[in-house]
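Heads up, the next two complexes both have subunit A, just with different partners, subunit B and then subunit C.
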Partner chain A sequence: MNALRLYGRLAAASLRARMQYKMDFLMSTFLYGMLTVSDFLMLAAIMLRFREVGGWNIYEVGLLYGMSWIAMGLYRTFAPELHNFDRYIVYGEFDGLLVRPWPTLLTLLGRNFEPHRLGAAVQGGIILWISVSHLTQAGVLDGLDVAYIVAASIVGALIPFGLSLFTATLAFWVVRTGELQPFTMYAPVTASQYPLTVYPRWLRLLLSSILPVAFINYIPAQYLLGKGGSVWSLVAAPAFGVAFVTVAYAFWRLGERHYHSTGS
Partner chain B sequence: MAAIVEARELTKVFRVAKDRRGLLGALRGLFSNEGRDVKAVDRITFEIAPGEFVGYLGPNGAGKSTTIKMLTGILHPTSGEVRVEGKSPQRSRKEVVRRLGVVFGQRTQLWWDLPVRDSFELLAAMYQVKPEAYQEILKRFDEMLEIGAFLDVPVRKLSLGQRMRADLVAAWLHRPPVVFLDEPTIGLDAVAKGRIRAFLKEINRTEGTTIMLTTHDMDDIEQLCSRVIVINHGRLIYDGDLEGMRRTVGAPSTLRVEYTRTLETAPRGPWTVLAHEGAAVTVAFDRSQHTAAAVIAELSRYGELRDIYMAEPDIENVIERMYRQVM
Partner chain C sequence: MSAYVLLARKAFRRNLQYRAAHMANNLGSMIFGLIYIAIWQAAARGGDAGPYDAQTLAWWVAFNQVMLWVAVFLPHGLGIPEAVRTGAVSLEMLRPLDYHLLVISRELGTVWYNLWFRTLPLALVFALAIGVYVPQNPATYPLLVCGIVLAVYIGLCQQYLVGISAFWTVESRWAWQLTNTLQIVLSGFMVPIDLLPAPFNHVARVLPFAPLHHDPASIYLELAGAEALLWPFFWAVALTLICRYLTAKARRKLEVQGG
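After this line comes the complex of A and B, so read on.
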């Protein structure tokens, strides 16, 4: 049995477990949907008021927004357990993952699969579709560009995943890290919904280096929209995502060896 | 025969952070490396042959769980080495744990919100157990542990005894040659304990599974283990059979009896009187010299007995006594 099939079985089991609490499941799905909508209304309000943000028009910002939401939605669907990972260290539950003959990250992610989070990706997809059709009609983008944008949005999930994996791994040393996730992952990803040009220079640097959310959307979009950058940025974005997660995973493996478990 | 589990000079040192007061102290603690080292396991060496049933004993905090966690690849030793079937569970974790079973009595390995059957099926998939083999082993375990009745009940609704039975089946589904059991009878009533002991005895005999068990229950040891290893303060203090351990310690048992009438003087016999108050008498005797029945018979010569209460030698006491003798 390969890893993907095992993940599928574990994910299905976690979903069945969630369904045991029907009200809770329906409520959280509903609340999450509301949250997504209100977040979008906020952006819409800003865009309708100003028409332009940091030199980007409403459709160009919509492109960034859509890509960011697709990436984030995918991350939150497949890897929400990373957010709760410090619990496994605090209560010694990581023991249970280490005694199974599979990579711990695989069995960890299999413990929680939240398909209702795909709602965010779907909403991002709708915004992206509206924006892209306008930009295509205006002759800014062609069919190949659009195909690239869709693929890059999906690969973009590697960035929040890598950020979250880095943060979770810190728990092997400092135990409590749940409170760090908003700073290292949620806030930067939210920042990626707007063009980097609206931020001060130090923040732009931060968002394209240590917290590299610019690689989700801004870096390739800038080139495709003719706002600078080189053709290499199209390769750099996915390549960086893969490299980032590879390094984060190496860090995870290091943390695994450092695991202290808890007393009896 | 070649050893199936080996520990050589196994040592684990934990660094305990210096306790600091206040917010400033906590902040400083984040960046400083101050603290003291605690040796949880200190140069322990032993070998276990295939098919052995070994009891691993020691008081709370002696380093039992830490040892088990190193043997199963959960923790990395500070120094020394572990070999299971000749391989290091640290260096080849996935390869080694594929052939291990582990049960932590205090924590279930099953999916809490799902029926027991779902957990078994997920584990069978994880260990690549073939469907026919899975059905066969499930049937066999149902005969031994009667798990059929609650296969479709979510784990969170099981009684502690049922949950432990399910956890044992889960550990044996892939027919591992070695199983580690950490306190498998903790918190269970006598009937549930008896059933689990019968299962362990049977599976050790028929499957030849090598079993290492930690427990606080002297009866677990007496009924199951052909060999005991005792540690205290992280050090190995005894490795041998149960008889040898008894001889070293003298295994004192206490017996409290109540007579139907008040005794003027304490009864005399091959025991030490610990307490005498009215009709109640408590004596301590050496189990390796006298049987409980003989002591009761002797005591009843002093009057009619109304009640008898037998206290087993508490394992903590036995080990504490042993430790003092060895030192």
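After this line comes the complex of A and C, so read on.
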């Protein structure tokens, strides 16, 4: 709880710093919005033309898409420095985190808070809302399901967070990890916007094991929409998220112990 | 003449130093390509895609994923904003070389590097995954070369314009991000332009982004003939004129105000 309060303070301070540059904030909000809209354009083009993908209709895919963007948007908002972590190793700035009397990760997460990224979560939320209200009207989902979906979307942020933590930790050994992110983050999260069944077998395995984006949305959604799976998948998704981040954090601690400064 | 070639060669050698990092990045591009291919194939299997069947769409995605590295993924403003910031630009403009040509040829070294270390490995992986489309009509080959050359040149000119904007604003980074987004969305990279929802397809058709992906891909897959070079040709000429006009203005600004 203490850690949470500390995080709140750090985040509030960085938010104040960021708001000193209002124009920059407005422009980056606008551009990030464009990026997410462009992403949606591909989905719209596919769904308007073909009506369904791998047996999922536009609202069912919208459900996956919304959950995925909420998870990604929340992660990008609340852990921006983790995303650019290799800089700390390259320039030896990690030393500055080690001297503080609290966990390094906490300091890192409280820095450079990026409120404009929340726009992605909002956009995902709108798509999710439209999809869910259609699916509720059609009698596919009930109120309890909807509550679960909202909660799962938020908890789903643990998966991109865990992926990012793993990738960032690799920097302790290989220094530059920015080039790995398309593989470990962007591509898997993009993949999670569509039903897992459209991918070849090896990719399905990859996306539900070491790059476990299927747990953000596909695994619970599949069950809720009556497309297979068991009731356990509703428990499995958040449980996996927590376990994944726990393991990632253990890896981080290992990396931290391995760290030696650039010496400058 | 040789000075321009020398600049390109230097850029090529500089890039060689980062081969390992680029290979790691290729892994991401590869996965991205395979994901998009799988999505489109699943979609096209389910309904009517006009001239684009599942296999054609797979080739479309693969071709464009590979084209990204020579036409679209270019550094912020081709390095001009950084040169403006440090003042190095005044030395570059002092040289007895054409500035527009200097910057473009320097970047061509990187493009040439990308062709061998990004495009080629990716093309090999995609060829193994979905096979290679071999154009049947021999006339397609020269057209395709023209289409690709125009795409590279247009991509470079657009990035040059982003760079030259740094003479008037310190925030060219926004122009860069905006250009990148437009180059992905309205170029036919992810979606053939005619499959885009209504207002977007008409707008995208006439903008200078379609020549980067849509036109060369249509030529390669023999969905269009020589007419697909009209817009690219028009935009190559138009962008050249704009680039040269703005270069002259930037040079004058530098000479009068001292940067």
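We adopt the following convention: the second predicted complex is superposed on the first by the 260 of 264 C-alpha atoms of A that agree within 3 Å, B and C clash if a C-alpha of one lies under 4 Å from a C-alpha of the other, contacts with A are read in each partner's own complex, and residues count from 1 in each chain.
The rule is simple: contacts are C-beta pairs under 8 Å (C-beta built on N, C-alpha and C of every residue); 3 or more make two chains touch, one makes a residue touch a chain.
Computed from a predicted model, the values in this text were never measured in an experiment.
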| item | value |
| --- | --- |
| Partner chain(s) touched by A:20 [first = subunit B, second = subunit C, both, neither] | first |
| Which of subunit B and subunit C A:6 touches, first, second, both or neither | first |
| Partner chain in contact with A:143 - subunit B first, subunit C second, else both or neither | neither |
| Touching partner for A:51 - first (subunit B), second (subunit C), both, neither | second |
| Subunit B versus subunit C as contact partner of A:260, first or second or both or neither | first |
| Subunit B versus subunit C as contact partner of A:96, first or second or both or neither | first |
| Which superposed partner A:31 touches (first subunit B, second subunit C, both, neither) | second |
| Subunit B or subunit C, by number of subunit A residues touched | C |
| Which of subunit B and subunit C A:187 touches, first, second, both or neither | second |
| Common interface residues of subunit A - those touching subunit B in one complex and subunit C in the other | none |
| Contacting residues of subunit C [partner subunit A, same complex] | 21-22, 24-25, 27-29, 31-32, 34-35, 38-44, 46-49, 171, 174, 177-178, 181, 184-185, 190-191, 195-197, 200 |
| Subunit A - residues contacting subunit B, complex | 1, 6, 9-10, 13, 16-18, 20-21, 92-93, 95-96, 98-103, 174, 257, 259-261, 263-264 |
| Residues of subunit A that touch subunit C when the two form their complex | 24, 27-28, 31, 34-35, 38, 41-42, 44-46, 48-55, 176, 179-184, 186-188, 190-191, 194, 197-200, 203 |
| Subunit B residues touching subunit A - in the complex, by the definition given at the top | 14, 30, 60-61, 64-65, 69, 72-76, 90, 93-95, 97-98, 100, 102, 104, 106-107, 109, 111-114, 118, 122, 125-128, 154, 182 |
